[in-house]
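Across the two complexes that follow, chain A remains constant while its partner is chain B and subsequently chain C.
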Partner chain A sequence: MAPPPSGPTQKDTASSAAASESPAPAAPAVKAPPPETPTAIRRRSYIVLSFWLLVVFLGLPFWWKTTTIYRADLPLDRMLEWADGKACRPAIPIQIAVHADSLQEEEANHLVRLAQHAIDDLNDFSGHHLRLQLAPRQDRPREGEHNPKSALSIHLKPGDATTAALDPYRAALDITYPLNSVPPLHSASSMLTTYIATELRSTFAEEQSIVSYLLSASSSPTSKPAGLSPAVIEALEKRATRALRYAPTYHLTFSLFTDGPAPTTWDIDTAINEYMKPLLDVLGPIHNFTIDTQVQLYATPGVQSQTLTKDDLASFINAAEWPLSPSIGGAPTINFLTFIGNQTIGFPDSEGQTSQSWMIPQWGTVYLLSQPDTNSHVPKDALRQPMLTFGGHLLTLLGTPQSGSLPLRLSSLSRIRSADLLLRASDTLGSLARLSRSLPSIAIPRNVADGVAKSIRHLEEACASLGSSEALYHARIAEEEAERAFFEKSMVGQLYFPDEHKIAVYLPLLGPVTVPLVMGAIKEIKRLLQARKQRAQEAKEKKSQ
Partner chain B sequence: MTFRGKAGIYAIAVLLRLVLFFAFPGLPDLLTGRVEISTPVTSFKRLEEGLFLYNHNVWPYDGGVYHQAPLLLPLFSLLPDSTSWPIFTPLLYILIDLLSADALVKIAASGEAGKSRLFTSPRQGKGSTGLVIAAAFLFNPLTIASCVGRTTSVFTNCAILCAIAKAVQGFSFHAMVALSFASYLSMYPVLLLPPLVLLAYDKRASQKTSVLKFSALNVLVVAGCLSVLLGMSYALTGNSWEFLARTYGIQLTLTDLTPTVGLWWYFFIEMFDSFRSFFLALFWLHLASYVGGLTIRLRTQPLAALAVLLGIFSIFKPYPSISDASLFLGLFSLYTHLLPLMRYTYVASATLMYASFLGPAFYHLWIYAGSGNANFFYAITLVWSLGQSLLVSDLTFAVLRDEWEVERPEMVGKEAKQI
Partner chain C sequence: MRSPLSISSLLASSLLLSTASASSGYHEQLNLRPLPLSNLLASFNFRSNTSLADFESQNFRLFPRSLGQILQYAGTRELHLRFTLGRWDAENWGARPWDGTREGGTGVELWAWLDAETDEEADAKWLTLTNALSGLFCASLNFIDETRTIRPVVSFQAEGDHPNTTLANAKLLHGVLPHEVVCTENLTPFLKLLPCKGKAGIGSLLDGHKLFDASFQSMAIDVRPVCPPGGECLLEVEQTIDMVLDISRSKRPRDNLIPRPIQGHELVCDTSKSYHSDSVCFPVDHLQSQEWTLEQVFGKSIKGACPLIEPGVPPVCVEVPHSRSIFASEGSTEIKSQDSDSRCYDLASDGDFNLVLTQLDASSDGKELVEPEQPLLYADRSFTGYGQEHGGVQAILTNPGDEEVEFVYMESLPWFMRVYLHTLSTRISAASSIPTTSAETSAEIVKEIYYRPALDRERGTQLELLLRIPPKSTVFLTYDFEKSILRYTEYPPDANRGFDVAAAVITTLSPRKMNIRTTSLLLYLPTPDFSMPYNVIIFTSTAIALSFGGLYNILVRQIVGADEGFESPVKSKLKRFLAVITRRLAG
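Up next, the complex of A and B:
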């Protein structure tokens, strides 16, 4: 666009004080434009007004509505109370029913009272206490199932010497006592009560130490729980690292891997039904299980040597090639792997692993099954030992205490899990509360608040019913809700969004738009003020005339 | 303009389109798949999907692909089956193109571009004849491409042009009905209501009624028409208002981020989620903000306001395509008498050509060759929008300068930097 030869002319200099109404015929190069007509001025005001009306009446409400951060009210103090353990002192009462049908009513009462005293004297941890209770007399005590509320029942029977034996099939402790050891009324202590107390204490020792470990770990992760020896703590830590995180459902994968073309079939279905199913059924109230199986031929392990050393065990699983998916359908997977081969393990006496199998913490178990190459089928009987091993390891992987009879271990597991979940849910709530305190700009959707409320309600119920079977149910829901609230997707996205970012978001687009808008408005306001002044002046002049 | 000349032009246009449709059987489907032509809200492929569902008594929006107005479905299902009778769909589209061209001829014949009620251009009569304008529209490659690509924005364009043609003829009721159809099909034409009402008001034989009363009446007509159309759609889609969210809702919230020649898709791919709704509102407000200012500023020439607004819409609307550009260029050709006043015609046309040749190439590099990325295509759509905005602003400049020269006759022929 070349300039015309007539030289530059200047337009729109906005100086309305131009004197020349009619342009001179031979004007010099620079001349002021004529003043704007009133219609043009009015028109410009309208245009500026139309833009500003849009900004004020539509733009600002939209801005307000779309960028305000919705923060649902969270009961922050209450959540922190839970996290600090102030809202609930977890105390697991364990009811123990004493069946002493051979004793007199008064004698039995006295015995129970004395034994309770003895237990209380021994116990130094308030989170876990045993309560003895005399069971109502029954005509046929052996058949009477123990009260569902009580975790253990003691059957006192007269005998030759003081002995104690855990019933392997029921949560029951059979104690025999010589007749003369029954404490006479009004006596302060006796051999028998002390014996009962120590026996009970040793039965529940592991559970108690686990609970005390959990509680102390949750209140302050660095401090060691009081009253536990380092060896016990080490064992507890080992248990904690081995066990999988609690989940309502676990997925069990039974795999048969072989490095050759055989075997191609195995009787896994009947083997599971026969050896695993009973165990899974008793675990039913605590966990659900889903099961799948697979057979893989020509699977080369990560280690080829004939004798496996301790280091080899870690790398035996060929994670790159073996189709062991980490998780199917959300539930954590526990792998039980039977490997057909003639490899052996170098050190049979190490803890937790026999000469043929070893457990991989939080993952599963490998069992080396040697079998003649010609067999193309693995019969049920050959799978018996692997299955029993898997069953034992499954309990360990689920975090079941090691000592005691199976029913006792399971009820203990459910109590430990409910305490664990309770603490974990409280911890999550505390983290959420701290997060929302420290980030005032984070959005908190309504469903987070709902989740927190639900979680707290179930926490309260779980806390009140600790030790019973509902506690696990409530604690499970509380933990689920707390986790869901904490990991709400729309919150996580805005976890870090400082105010400087907002400038970067708004300015590039809105800056250029705002400048002409604001300048236009300022010009208009200036002109209005000037016009008013002028009018006032004119009015004054008129008056003075 | 002779009748024979007009008929000749129309015949050649029809013939050209028929040749393109049937001599190159792959061409229509190729063009239908191009993102420059088919947007999520105008694509013929998506229409066919909706049509299939509709004909099989499935709710047409169930597929999540069809986002167009429900009343298009009975229209297209009335046509004989396209597989056995492939002639009818092309014929319908060609007919629509001819109607659009005819509307443009009527607008040109009224001379509204040169002389409106409140303003007479000194260059009146120097513009192109209706014949040239019709030819420029019908033989515009963009128009042909959108016709052969069978986008449904062709219907919207036709409705808008008919509305303007009726308005310049003084039939305000017809104009409002046509605008309602356009708004029903694509929603954004409802923003054209203020200048269109003014245009119709200016063209009425007598100005006895006040502007306000006249506008209120026309707004009522549009509202009534729209409610009838929406009511029919309501009945058609199984008595539910769900279709509103699936048609206009998609345009308002831009949930389908398919690339187009516009500016929205890339911007909203990159947008922070928490600011998405704010910037959606902002973009729509930006689109709407031009209406008031331009209508007031170009009060004396409502047709020019309409042309400039359509140009702005074809740049800034959520799902623009080259079909919108062809509509703007059609109206632009009414203002050829202002060409001497424009400053950047060369730059603008070169930019547009550059973008229209490089656009498909860059899209190919991104999608098919894989040697480019989304930025390639976005960059070229920026150039395309730049070319269009140059043209729009230049047209605005020329229209204003034309007005200004009437006010200041002594400045004719001298250069002005700013008006």
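Up next, the complex of A and C:
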């Protein structure tokens, strides 16, 4: 393999020039090496080239392949579109059935048309519209009075004066009207239609403002929603901070805490059945509930004073000692705590006024129940007031709107929840997209991409069916999938493994290997350049001759 | 605890319990028994229950909610959890409290019957159970993985009253964590499970400082269904704490906790020694009947009775001979047992309760403590052999009694300890004769073997031996094993400390049922130098780089004769410099 001795090349000329310059008096007589043959030179070039080819075409791809991290393709643009609210413009149509059996068919149609106009004139928010529809007549065969698609039914009845009343047990609005207020067939507006429009609007005002608040909060967190007064916004913010995150199942824990040794028993089973069950049954279509109860003695509260001030309420729960651990399983826990003691809650600004209970946002409720020390049993009747308070607070903790009749509040709760989940899921997708853009070295496993795809598919379906009951189902799945994709364990687990570290480990290998390679390459390139120059010069000389 | 005299009193109280438990459902009792060498055994026992109907509908009253939820979620029929620290000194202290059924091996031990059709389902539920309990008790129970889990065949029997159908569908799993250090953070959740917390009743004596300062302590939680005859089935949770306190150590004042050498005049000397003089003292280690009070030993007194306990079961009992006088706080009533050396105290519902055990008068010839009962079996286990490759285990099992003892010896060994079962051998030595080794006797000693070999990184060895020891003889049980080398990442941070090997569990079948656990062992495995991977990377890199450089240079360089070519520039410059200097010197 050793190249045969051959003639000098550029090296030779350079050093011979240096030798001739040198004034060394005792320059030893050095034999010039035999000139290198052109084949040897060419062979050397091939060697250098083949090394480099190996490195570039085998080494680098191999290194790339073994050290690269798997990043599944995510539809980043689509995800960001969802997050920015560009992919779906949430619009909740609300079907309202009008029962006007006492009116002629044309009259009723006209009335509905006029009322719809009046509503559309009043409405300034596109995310939420009311759609009036004339219900089939009573005398026709009907499949059930309450059409599942309509959120509310209006029952128009002739009466003495224009009045409106919400039915407390059904999602229905009873409106009576004097006979003369029915609009004639060709009139453009009437008192009655305006009245209906304003009534409906006030009925749905809270839901509408909540939805508009949600939408504006999701599109830009800092901007205030247009068209809402600061007081309303504050109320909405309060509602948002109080309500728990949506979950299909909630776990309710009823606890009896007492400072001393008594009471030790309570009629919680019957109390729940009597006062709590009806409410839970009504909430059944939206949430499932599991219940447990406990009695805890010798539970010292965090605050000992007789009258609790507002600041005391925050520290009353003795979190370190009271066994209020959340339930295991996926369901979030809502705590309802009855504390036996004669403490009261005082308000500094209103003298003498006291209260018994307070709500802890996203956690539950505490009720102070005073009872004589000697009683070792809490009867059912004593639990009536606490249970009713818990029921009311449960609705708030679930995020139910405050106004309106219960059926109406619940139906609007399911609409608000679906809009909320939809926005949350889009928001999570947006965060995931931004995360994967900002961290190019994070691994994205395949199931994240699958989750994102599933989430987007369900988001689309939820968006299309907003206002109906499927919307909640789809939005829920979309939210679950988006959360699962975002909190994928293998993504979080991939900790920062800096490049400097890798280089430090491999430098002993890379350093000594690269230096000869690079030097060889430089020498070879230099030689090629020199050879070309020489050839050019030779050609010039030939020409000049 | 079960001295022959006290059995009857315990039986009486447990009989009382079974009739009364359905109504009140809570029972607590503290049993104090002075042990030789100025030790004191304190056994706390708390028992509460709930009807199965209430449990199913999740109405918890005395039964702790946090535990109940976990049991329901993991489909647990019966649960036994043990936290143990220290060693029971059977030579001095005699038989174990509760016949050893309420204690575990050093560290944490857990076994449970889980509702499961298949083994996979049982594994899934076991995982849920260990993780949930780990959170509840602040212990590393979640590290009980499949390599530390075994399915005992004969060692454990369900204690509760299970219908035959449910037990047929239940799977028994047993996990042990010998490395776990039991400490205060495990006691706090333990106390939270009690209906009276640590605020009233005997629970108010429990304090982490004293409990974990004890020579031996064991916390146990047992959950089992109990069906009293003719009554509704109940789910009973029993919490037990046994601790052996050194009285003189516990009496050390709080402000002077650091042990200092005792002053010369405070030393108690054995005056009977011939060399005893003013300057020479032989300290008596067996301190004659020290006086102590509850408050001194536990650091606090009992804060009234827990109001939930059913009447009729006195909460505090002391087992000392009647000749020793005891003073109790006002408001309490003393109940002296007629046929045994024990007396019990009913507490007042409010006001602190304290006990004073006086020093025994030197003049009276009464005994100061009840002599400890001789255990059925003494068990000792140790490693034999040397080196990093092989080792052996020797268990010395001594039957001191006059009856033949039949028992199950169970080992749950880690997979990296590869047992050679063919080396399992027994050797019997009667107390009087010279040790004899013969195949016939060893075959007679080991009656049955249940063995489930280990799989690397998947499961540990399970070894259950049914043994029989004739009276007054000792059996040496030995087997060899090989130490395997772990993977780099499998070593814990403190690899040079060694690996804990769980205690062997001995369950006697006849003449009566009781449990003994040996101490856990510390196994040294060959431990690598942990900077090795980096050294290897750097060494191989350098070698490759060197060989590559040489090869490359040989390929690329032109090779010429020694006298050919050019001088290196450095050499020529040096020569020129030298020439200049010589010229200057000459000129």
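Structure notes:
FYI, the second predicted complex is superposed on the first by the 414 of 545 C-alpha atoms of A that agree within 3 Å, B and C clash if a C-alpha of one lies under 4 Å from a C-alpha of the other, contacts with A are read in each partner's own complex, and residues count from 1 in each chain.
Everything that follows uses one rule, which is that a contact is a pair of C-beta atoms (placed from the backbone, for glycine too) under 8 Å apart; a residue touches a chain by one contact, two chains touch by 3 or more.
Since this is a predicted model, take the numbers as computed values, not measurements.
In the superposed model, A:443 lies in contact with chain B only, and not with chain C. Of the two partner chains placed by superposition, only chain B is touched by A:46; chain C is not.
By the touch criterion stated above, A:67 is placed in contact with chain B alone, chain C being left untouched. By the document's definition of touching, of the two partners only chain B reaches A:59; chain C does not. Of the two partner chains placed by the overlay, neither chain B nor chain C lies in contact with A:151. By the touch criterion defined above, A:264 reaches chain C but does not reach chain B.
Of the two partner chains placed by the overlay, chain B and chain C both lie in contact with A:509.
In the overlay built on the shared chain, the residue A:34 is in contact with chain B and with chain C. Taking chain A as the reference, the larger set of touched residues comes from C, when chain B and chain C are compared. Residues common to the contacts of chain A with chain B and with chain C across the two structures: 1, 3, 6, 33-34, 47, 51, 505, 509, 513. On the side of chain A, the complex with chain B involves touching residues 1, 3-4, 6, 9, 11-12, 23, 33-34, 37, 43, 46-47, 50-51, 53-54, 58-59, 62-63, 66-67, 443, 490, 493-494, 497, 505, 509-510, 513.
Chain contact summary for the complex, chain B toward chain A: residues 272-275, 277-282, 285-286, 288-289, 292-293, 296-297, 299, 343, 407-408, 410, 413-419.
Those residues of chain A that touch chain C in the complex are listed here as 1-3, 5-6, 15, 19, 22, 24-26, 28, 30-34, 36, 40, 44, 47-48, 51, 253, 261-262, 264-265, 268-269, 290-295, 297-299, 321, 323, 325, 327-329, 505-506, 508-509, 511-513, 516-517, 520. Within the complex formed with chain A, the residues of chain C that make contact are 57-62, 64-66, 68-70, 73, 132, 136, 192, 195-197, 199-200, 306-308, 534, 537-538, 540-542, 544-546, 548-549, 552-556, 558-561, 563-567, 572, 575-576, 579.
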